[in-house]
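What follows are several structures.
One chain, subunit A, links the two complexes that follow: it is found with subunit B in the first and with subunit C in the second.
== the complex of A and B ==
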């Protein structure tokens, strides 16, 4: 391995890593919003919309992100829906992640005993207060492990963004390998940068998981 | 209606053997995942059993293996296998072989963890009770432990299979000709005559993947409910 080559590539990888993180974070935030929304609809059993949500979840969970991205990026503009690569990547991640987050939140919400809702109502809390102060905090602690797993999963999934010509870590690695043939250095940097992004999240996730488990009520 | 079909570029599907070619592409992706599944199930079971063994060294080694495989995006693993090992060891493997190796390594790790989880979820008194009944250790496993483990394991491993099928879409990136590559070729060939072909073809690929994975997910869900 050539140290000089690695040093000269560092800034390029740094930029690419920033893009990966940026798109990943925005995509995940949207995925959380979509997921919360969908899980609420399923929890309150909103008629009609609930069916649409479950169809969305099945579609999103049973197709690969790469295929979703190709459809959004190359297919949709043909119908007059213009998409630039970054928006498209974020939209794809939100579309995929939304269903995974919804499932994570749903399992949390379902784990909260019905008696909790009834007690809150009998104390005079309204629906929103019950959700905000009674259900969500308990549901969260159950959802956290799945939630953390989803965040890591979605960050890993951003690696396919290179296919729609976003200059992320994969794109940079492939590009540099093709140009200079410093395969070993390129791959070394690729792995290091992914570790740099994913390892801290995985460690923080484990710690949070351990602390949140104590928040469970009544056990 | 026929106008809409033409407008959306779906008519291209019925030209020549285009649709069959897409199905062929899907099959080459599916076959990679099926071979990988066939390899990873037995290896995963062995790994899972070893992970519950008493030896700390074996446990630690397998744990590290699992975490390394888990933390890297599958695409990075594919790159490492396809570009990295070929360069480092000087061998020459095709994209298909590289994909099968990577998916088998990944599948073994995930399967091993599922088996481990299922094994440790069996309460200790199950072992003790069967021993108290005078069963031999082989009988205990055959009649008591394995039937319970399998029920917990099967829905989860079926989910793993759908994950594998979905992930095979990545092999496009290391130059394997699969359904997305075929789609690109068809789109290139028909771009002039049918400007919206990209929509129709990519929609078809989308639906094909869904049709491949959805029944399997439904089966997993059904079994999970039935056996829980």
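== the complex of A and C ==
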């Protein structure tokens, strides 16, 4: 492995990593919003909308992100909706991640005993207050392991963004390998940068989980 | 009408076609303590849950001080604030400390000043002998302590009537007393209460009036001494005998 080659590639990888993180974070934020919305619809069993949400979740979970991205990237412009690659990446991630987040939140919400809702109601809380102060805090602690797993999963999935010519880590690695044939260095940097992004999240996630478990929420 | 705080009129409640409450009418006056007793499954819990609109009802009406308690009505949360309820199973919020459990609704629902609410909560905790547990979490409390906190939590909302659903049924025997004592204290303060219990001695001591519910109907309604000494209906006699049988057998086993 050539140290000089690695050094010379670093800025390019750094930039690509930033793009990966930026799109990943924004996409995940939207995925959380979509997930919260869907899980609430399912939790409160909102008629009709609930069916639409189930259909969305099935489609989202049972099609590859690459296919979803192609639909958004090549499909939307045909419907007259202009899209740039970054927006597509974010939208794709939100579409895929929304369902995963919804499932994580839903299992958390469902783990909270019905008596909790009833005692909140009997104290005069309305639905919103009950959700915010009683159900969500308990549900979140149950959802955290699945939530962290989803964040890591979604960040890894961003590696298909190169297919819609976003210059993320994967794209940069492929590009440099094709140009200079420094395959070993390119792959080494690729793996290192993904680990650099994902390992801290993984570690923080484990720590938070452990804290939550020690706090003994739920029981 | 004037001093009837809670009024239930011809309440009918069924679960998937099974009628559980079959035309129940009762009223509770201000400062009155009414105890409901009856065999398991006769609909006592369901009745209390209907009062708090936790269950939809099929017909009849429930009013608090003349205001109709209805599911999905705009006024329901406001009415529920005026009704305190303590359940059989421990229902404290596990993610909040004892103090936060108590002041959550006063602060968020009634928008009261947090320090003022905390002060009141501490005074109430003191009264039930739990002031040193204010910072504890529910999981660190015994069953009896949890139920006392649940009572304080209800009281801190300044309810006009308190509903108790077998609050000692899930407790170990040695903890029953501490909770019942708190309720006796509340009765002395002149609180209006509607209590479901299986503790007959306690019922006799605390009640102004006993209501005997069987098969979804009020079968007998009387002053406690009258009810326990001279039950009028066959069903009430049978029911009370169940309790008698145990104690007589334990003492000498001779006469029934």
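Quick note on the criterion: the second predicted complex is superposed on the first by the 214 of 219 C-alpha atoms of A that agree within 3 Å, B and C clash if a C-alpha of one lies under 4 Å from a C-alpha of the other, contacts with A are read in each partner's own complex, and residues count from 1 in each chain.
The rule is short, and it goes like this: contacts are C-beta pairs under 8 Å (C-beta built on N, C-alpha and C of every residue); 3 or more make two chains touch, one makes a residue touch a chain.
Fair warning: this is a prediction, and the values are worked out from it, not measured in the lab.
Peer 1: Mind checking the superposed model to see whether subunit B and subunit C fit together on subunit A or clash?
Peer 2: The answer is fit.
Peer 1: Between subunit B (first) and subunit C (second), which does A:64 come into contact with in this model arrangement: first, second, both, or neither?
Peer 2: In the superposition, A:64 contacts subunit B only.
Peer 1: Who does A:129 touch here: subunit B (first), subunit C (second), both, or neither?
Peer 2: Touch status of A:129: second partner only.
Peer 1: Centred on subunit A, what angle do subunit B and subunit C make, from Cα centres, as a multiple of 10°?
Peer 2: Vertex subunit A, arms to subunit B and subunit C: 110 degrees.
Peer 1: Check the residue A:141 against both partner chains and state whether it touches subunit B (first), subunit C (second), both, or neither.
Peer 2: A:141 sits against subunit C, while subunit B stays out of touch.
Peer 1: After superposing on the shared chain, does subunit C or subunit B touch more subunit A residues?
Peer 2: B
Peer 1: Counting only touches as set out at the top, which of subunit B and subunit C does A:118 meet: first, second, both, neither?
Peer 2: second
Peer 1: Pick out the closest CA atoms of subunit B and subunit C after fitting on chain A and give their distance in Å.
Peer 2: For subunit B and subunit C in the superposition, the minimum C-alpha gap reads 24 Å.
Peer 1: Show me the subunit A residues, by the header's touch rule, that subunit B contacts in one structure and subunit C contacts in the other.
Peer 2: In subunit A, nothing is touched by subunit B and also by subunit C.
Peer 1: Tell me, which parts of subunit A touch subunit C in their complex?
Peer 2: The contact residues of subunit A facing subunit C are 115-116, 118-126, 129, 133-134, 137-138, 141, 215-219.
Peer 1: Any idea which subunit C residues touch subunit A in the complex?
Peer 2: On the subunit C side, the touching residues are 52, 54, 77-78, 80-81, 83-85, 87, 89, 91-95, 104-105, 108-110, 137, 139, 150, 153-154, 157.
Peer 1: In the complex, go through subunit B and note every residue touching subunit A.
Peer 2: Within the complex, subunit B touches subunit A at residues 8-9, 71-76, 79-80, 83-84, 87-88, 162, 166-170, 172-173, 180, 183, 187, 195-196, 198-199, 202-203, 205-206, 209-210, 213-214, 217.
Peer 1: Along subunit A, where are the residues that touch subunit B in the complex?
Peer 2: Touching subunit B: residues 58-59, 61-64, 66-68, 70-71, 74-76, 78-79, 152, 156-160, 162-163, 170, 173-174, 177, 183-184, 187, 190-191, 194-195, 198-199, 202 of subunit A.
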